[in-house]
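Before anything else, here is the set of structures, which you'll find just below.
You will see chain A twice below: alongside chain B first, and alongside chain C after that.
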Partner chain A sequence: MTTPMGPATAATGTLLGKAGGQNDHLAGSHTRRGKPKIDRIYYLFLLPSLILFTLAITVPALVGIFYSFTNFIGFGDWQLVGITNYIAVFSDPLILSSYLFTFGFAVVTVFVVNAIAFLLAVALTSRIRMKAALRAVFVIPMVISAIVIAYVFKYLFANSLPALGAATGIGWMQESILANENLAWVAIVIVTAWQSIPGALLIYIAGLLSIPGEVYEAADIDGASAWTRLRSITLPLVAGYVIINIILGFKGYLNAYDVIVGLTQGGPGTATRSIAMTIFTGFTGGDYAYQMANATLFFIITVLISIIQLRITRGKAALS
Partner chain B sequence: MIRRTALRDRIGMAVAMMAATALSLTGCANAGSGPTEITFHMSKPEAIGFFRDLVKEFNAEQSDVRVTLDTASNLSAGFLRGDPPDVGLLNYNMEMSRFMERGALSDLSDMPEADRIRPDVQELADQYATYPGRTSVLPYSVAAASVIYNVQMFEDNGLEVPETWDELIDVCNTLQDAGITPIYSTFSEPWTIAQGLFDYTVGGSVDLVDFFEQMNELGTEVGPDSPVSFSKDFKDPVEQMMELAAYSNESAPSRTYGDGNVAFANGEAAMLMQGPWALGEIAKTNEDLKLGTFPLPATNDPDDLKVRVNLDLALWVPEIGDAQEASREFVSFLMQPEIMDEYNATFLGFGTTTDAAPATDERLLGMQEYYENGDFYLGASQRIHLSIPAANYIQAIATGADIDGTLSRLDADWARLALRE
Partner chain C sequence: MTQEKIRTEPPAARSAAADKGSGSGPRRRRGKVGQEKTNWPTMIILFLCALTVLLPLYVTISMSMKTSAQSVDGNALSLPAPIDLSGFAEAWELTNFPVTFTITTLVTIATVVGTVLLASLASYAIVRNWDRRLFRWSFFYLLAAMFVPFTVIALPQIQLTGLVGLANPVGVTILHIMFQLSFSILLFTAFLRSIPLELEESARIDGATTWQTFWQLIFPLLAPMSATVAIFAFLASWNDFMLPSLIIADASQQTIPVVQSIFQTQFSSNYNVSFASYLMAMAPAIIVYVFTQRWVMEGVTQGAVKG
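Up next, the complex of A and B:
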């Protein structure tokens, strides 16, 4: 408050701030840890997003959590009903099966996407022809809207594949896998993977390019095979990128919605209903408070997962 | 609250002043005060053009009320903000009835138009929910649905319209023996089987009004031992549904609503379980195809024949609207017999009033007699709360799930929902 930097203008804030920090440090005044004092202008930069985040995310979330303890249907009178909604959520086979489906789907998809994206990235950073053109081709799925992709694939699964199966006489192909209660999820994994591999691929390419060439040269001199190089050099050095991809991917797949709506609408039956789809019925079906309880539980679960993932990431960082 | 009262006062004063002006200065009463502005919500996509023209006509023929057509805004959000449209004309269903049940819609029973509504049609609105002492919803158009059939195919095979269950099975067998797919089904979209085969077989054999009345009373007690339940009362019709489903095209599990219309228009099957909305779509592919309709016989008694109906459009005026008088004036305008008849003739609907003209489109003639006599029912799938994925359960049965297990799941969901309401 009393530093000479107090009335600094926005234009010179950064510079003066730095200088002020040094002065404080030299003088050994109130900043005991020796950290430079942060100029308030940075808080100003944060303010707009903080306000927007509070208004658009935090407040509605708190309102939603409050309503999960009522019997509100989205309109009209309501009463506090305690934890009735939460008890009902835990005994609802529909909600439990949607959690089972969504987590299973997310785990499988994370694995498929990262395995394929990593191998593709290795191939696309090695010495091959037409590298730039191939990279561009592989990124195309990322720019197409998920719902469009889903509808195109729906046609392929429902018409083209069975037609191909009929033409070649392959029995299992003649029935659409979208209509098979036990296999529809495979189609959803395939389409989601097709769409999200490019994103993971770009991160892996960036990771692979950041590995200095010298380590490979040294490995060559030591006579390491391609497999040993991949396992002992490439993988450990891109471990951070693998973790980023897994966390981002897992978080995204837990919110699966558009691809499923386009492909199966949660069917056949309720075999492929995701958590997000179930929550959304709260709005379309006038079951607002109940699904808010579901959403609150989902929020708590995702927070727990994020904390665990953060712990693991920190552990990795400390190791390297 | 405060704002609303203030507004009401202001409008009250404005009305009083207008009346005073009108009394003293007949002839130039409107000088200075503009027309009352009201919004009219109508979002049925194919009918928007029709009502846009009507709004224009209404605005041109008088200068007291000015109507703005709203085809897009979110109704729930509107009610939530306390700013719903002044007049609504849309599909009346379980979802809409929840607003009515909580007193959001005003009483229109004193309007002369309300007396013109057929009592058995008004009853349909009450089946969803009622609000004590109010007639809040005026049915405007009814969509009747039954079996759509290819007239040429029936004639070529010497088939008559079946009036009993056994005759229907005979028809299916004859067609199948002639190498024709009897029924085109589209199980990939859950609603098509729920509103089609399921509603037809259930509605044709179960007294749904009585059934749902008891189910609502039982609430949390619905289960394997309750006097009525889905697993008890729907088991037979659902088995019938499966018997008919077996006469479907083999590709049914992966076909969509759109696929079904195109295939049917191209003569790939003899019967389609869809409503009048599909007729226009079929005509887009094959305009010359001669089609007819008949109620699906689910019993062996021709007296049990009924058609499935829903309130395709219904009029209502919210309780909190600021311009009740102007809104009612517009409701009266829309309720004129000629306008209602024109709408129903254009959009293949059935009239809701005692003075309505009968349907003349030959594709609907097979249902006219039943509709006229009040032999109709609201589809069972429409009476189940939207948060229970009934259509998905029915789809699961159609693609092979266990009937008893799925119906008891429906019972359990019903009881669970009753618990938290």
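Up next, the complex of A and C:
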């Protein structure tokens, strides 16, 4: 490891399956010290996490998967029904449209967030003044509750923009875009991006700061232009951070819920209903087993996407 | 200790210290290139972008201080005239603020403390016993939750918390900690691997037990990362809407983000009241951020710069 290692790069390492390599020196030192007996207290350190985690995450997951093969409606008796629920999910237009909407939304948002966050990070690490103050301002959206800021934006989209449209006579602005089933998703992308750019931005700033200054000094001597520096030096060197941001972001946006509840409640009609919102109807709508089948499929899809993303990035990492 | 020294020393000493280190020490990109010209076009663009961040906050503050009559005109940018603070009093009562605030605060504090303790202890055990299969597998097991979003296990979690009497803020706290655990363990293990083993070995030679070594040596060394983990746990817990809205059965025990929904149905035209309530929901997180933002950024950036 010649480059500095931080949480984000270590995270890349772990995700790319390099965690073992970093610990070889530890394993070695244990044998060198000749201490084969483990201190029992280490189990005490680890067990609370393992037990709570198993009860809170693993058990519910297994219970949920089991019920997806039944006709359980959330209470009362149930019977095993095999894969009936899974077959029904595939031909449910409401579920299919929620997948279509959520994936489209996630792709657009990942692109918008990363493009803006990366450019902001480059600007914020360049030769500017008031660096600390500007950075502090740009991180503010991260600390505000998504549902609350969605309510604030809802007022702007539903009341202020139409009022402005009426005052200026601009036709398309006079109707709330939240009530337009072709445009409501734009509002959701805007608010989600507003909220999640800071997280990506901080990771990019960390990545940019990890690039040794010598690299740029060498480029300056060679007379490289700003664009060449960005494309040929900065981007390849922060590739790991780009990957982290895309994986984390995409996973988060596929689970979109708060902002949509705050802005449109899934409407107009079901135009902006996300997968998460569809699954949660299983709790109130007596569709427990059926929506659990949906949730299980969604889980398999997200894991497959993560594996594909890791495969692609591993290939990229091998190239650089 | 050492990184504290490096951070506070003047630039020259800092780079000297870095050169002494592993060769990839904490060296900032443009720290000591000398006085360079400020990039004014970039600064102007950054100021414009900063406006888009601040505008919704300005709207929230100004709306909360308007009269009900002024708040319905749709002009979000106008200044309140006259200033009317009665919206806050009404929001205070409608959201039962003292109770809601107490519940949310307790859930958040318990989540922060629980996350830092469980994650740092587990991480230490994992990193120091990496050559043992149980610990290595536990690491990947605990990390697996990063691939299991709440969405997927929400229905059985709602069902099971109800069955065991945890359909309340306590249940939310436990789930908040569990959902923070993966990410926090990832951060702690990365940080622990960068702490030289020699430090610990000298303590061991002096006869310190594992328990003492952790609390007296390792836990204090982890402080910068604990701060980062704590702040992220704080934000995730304080601002969460999805989990409490689904888990907490009794509406009178709801958290601050969830109770804001009352303004979406009744009283929907008293915008000054709803915005006063939004401001009261945002303010604590913003205040905490103002005092800890050094840690938020340093935690992330310093971690990356650290060799």
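Going forward, the second predicted complex is superposed on the first by the 274 of 320 C-alpha atoms of A that agree within 3 Å, B and C clash if a C-alpha of one lies under 4 Å from a C-alpha of the other, contacts with A are read in each partner's own complex, and residues count from 1 in each chain.
By our rule, a residue touches a chain if its C-beta (ideal position, glycine included) is under 8 Å from a C-beta of that chain, and two chains touch if they have at least 3 such contacts.
Because the structure is predicted, anything quoted here is derived from the model rather than measured.
Of the partners chain B and chain C, which touch A:Gly74 in the superposed model: first, second, both, neither?
both
Applying the document's definition of touch, where does A:Pro162 land relative to chain B and chain C: first, second, both, or neither?
A:Pro162 sits against chain B and chain C alike.
Could you look at A:Gly282 and tell me whether it touches chain B, chain C, both or neither (first, second, both, neither)?
A:Gly282 sits against chain B and chain C alike.
Please name the chain, chain B or chain C, that touches the greater number of residues in chain A.
The larger set of chain A residues in touch belongs to C.
Touching A:Leu183, do we find chain B (first), chain C (second), both, or neither?
So A:Leu183 meets neither chain B nor chain C here.
May I ask you to decide whether A:Ala224 touches chain B, chain C, both, or neither, giving the answer as first, second, both or neither?
neither
Could you look at A:Leu237 and tell me whether it touches chain B, chain C, both or neither (first, second, both, neither)?
Touch status of A:Leu237: no partner.
Have a look at where A:Trp194 lands relative to chain B and chain C in the superposition and call it first, second, both or neither.
In the superposition, A:Trp194 contacts chain C only.
Intersection of chain A residues contacting chain B with those contacting chain C?
74, 159, 162, 282-283, 291
What residues of chain C sit close enough to touch chain A in their complex?
Touching chain A: residues 23-31, 33, 36-39, 42-43, 45-47, 49-50, 52-54, 56-57, 59-60, 63, 73-77, 118-119, 121-122, 124-132, 135-136, 138-139, 141-143, 145-160, 174-175, 177-178, 181, 185-187, 189-191, 193-194, 197, 201, 209-211, 214, 225, 228, 235, 238-242, 246, 256-258, 260-261, 263-264, 271, 274-275, 278, 281-282, 285-286, 288-289, 293, 296-297, 300-307 of chain C.
What residues on chain A touch chain B, complex-wise?
By the definition above, chain A touches chain B via 71, 73-77, 81, 84-85, 88, 91-94, 157-159, 162, 175-176, 178-179, 181, 265-271, 273, 281-287, 290-291.
Which residues of chain B touch chain A once you look at their complex with the stated criterion?
Within the complex, chain B touches chain A at residues 76, 79-80, 95, 98-99, 102-104, 187-190, 251, 253-256, 385-387, 389, 392-393, 395-396, 399-401, 406, 409, 412-413, 416, 419-421.
Given the complex with chain C, which residues does chain A contribute to the contact?
The contact residues of chain A facing chain C are 1-11, 14, 19-20, 22-23, 25-27, 29-31, 33, 38-39, 41-43, 45-46, 48-50, 52-53, 56-57, 59-61, 63-64, 67, 74, 120, 123-130, 134-149, 151-153, 155-156, 159-160, 162-164, 194, 202-203, 205-213, 216, 251, 254-255, 257-258, 261, 275-276, 279-280, 282-283, 288, 291-292, 295-296, 298-299, 302-303, 306.
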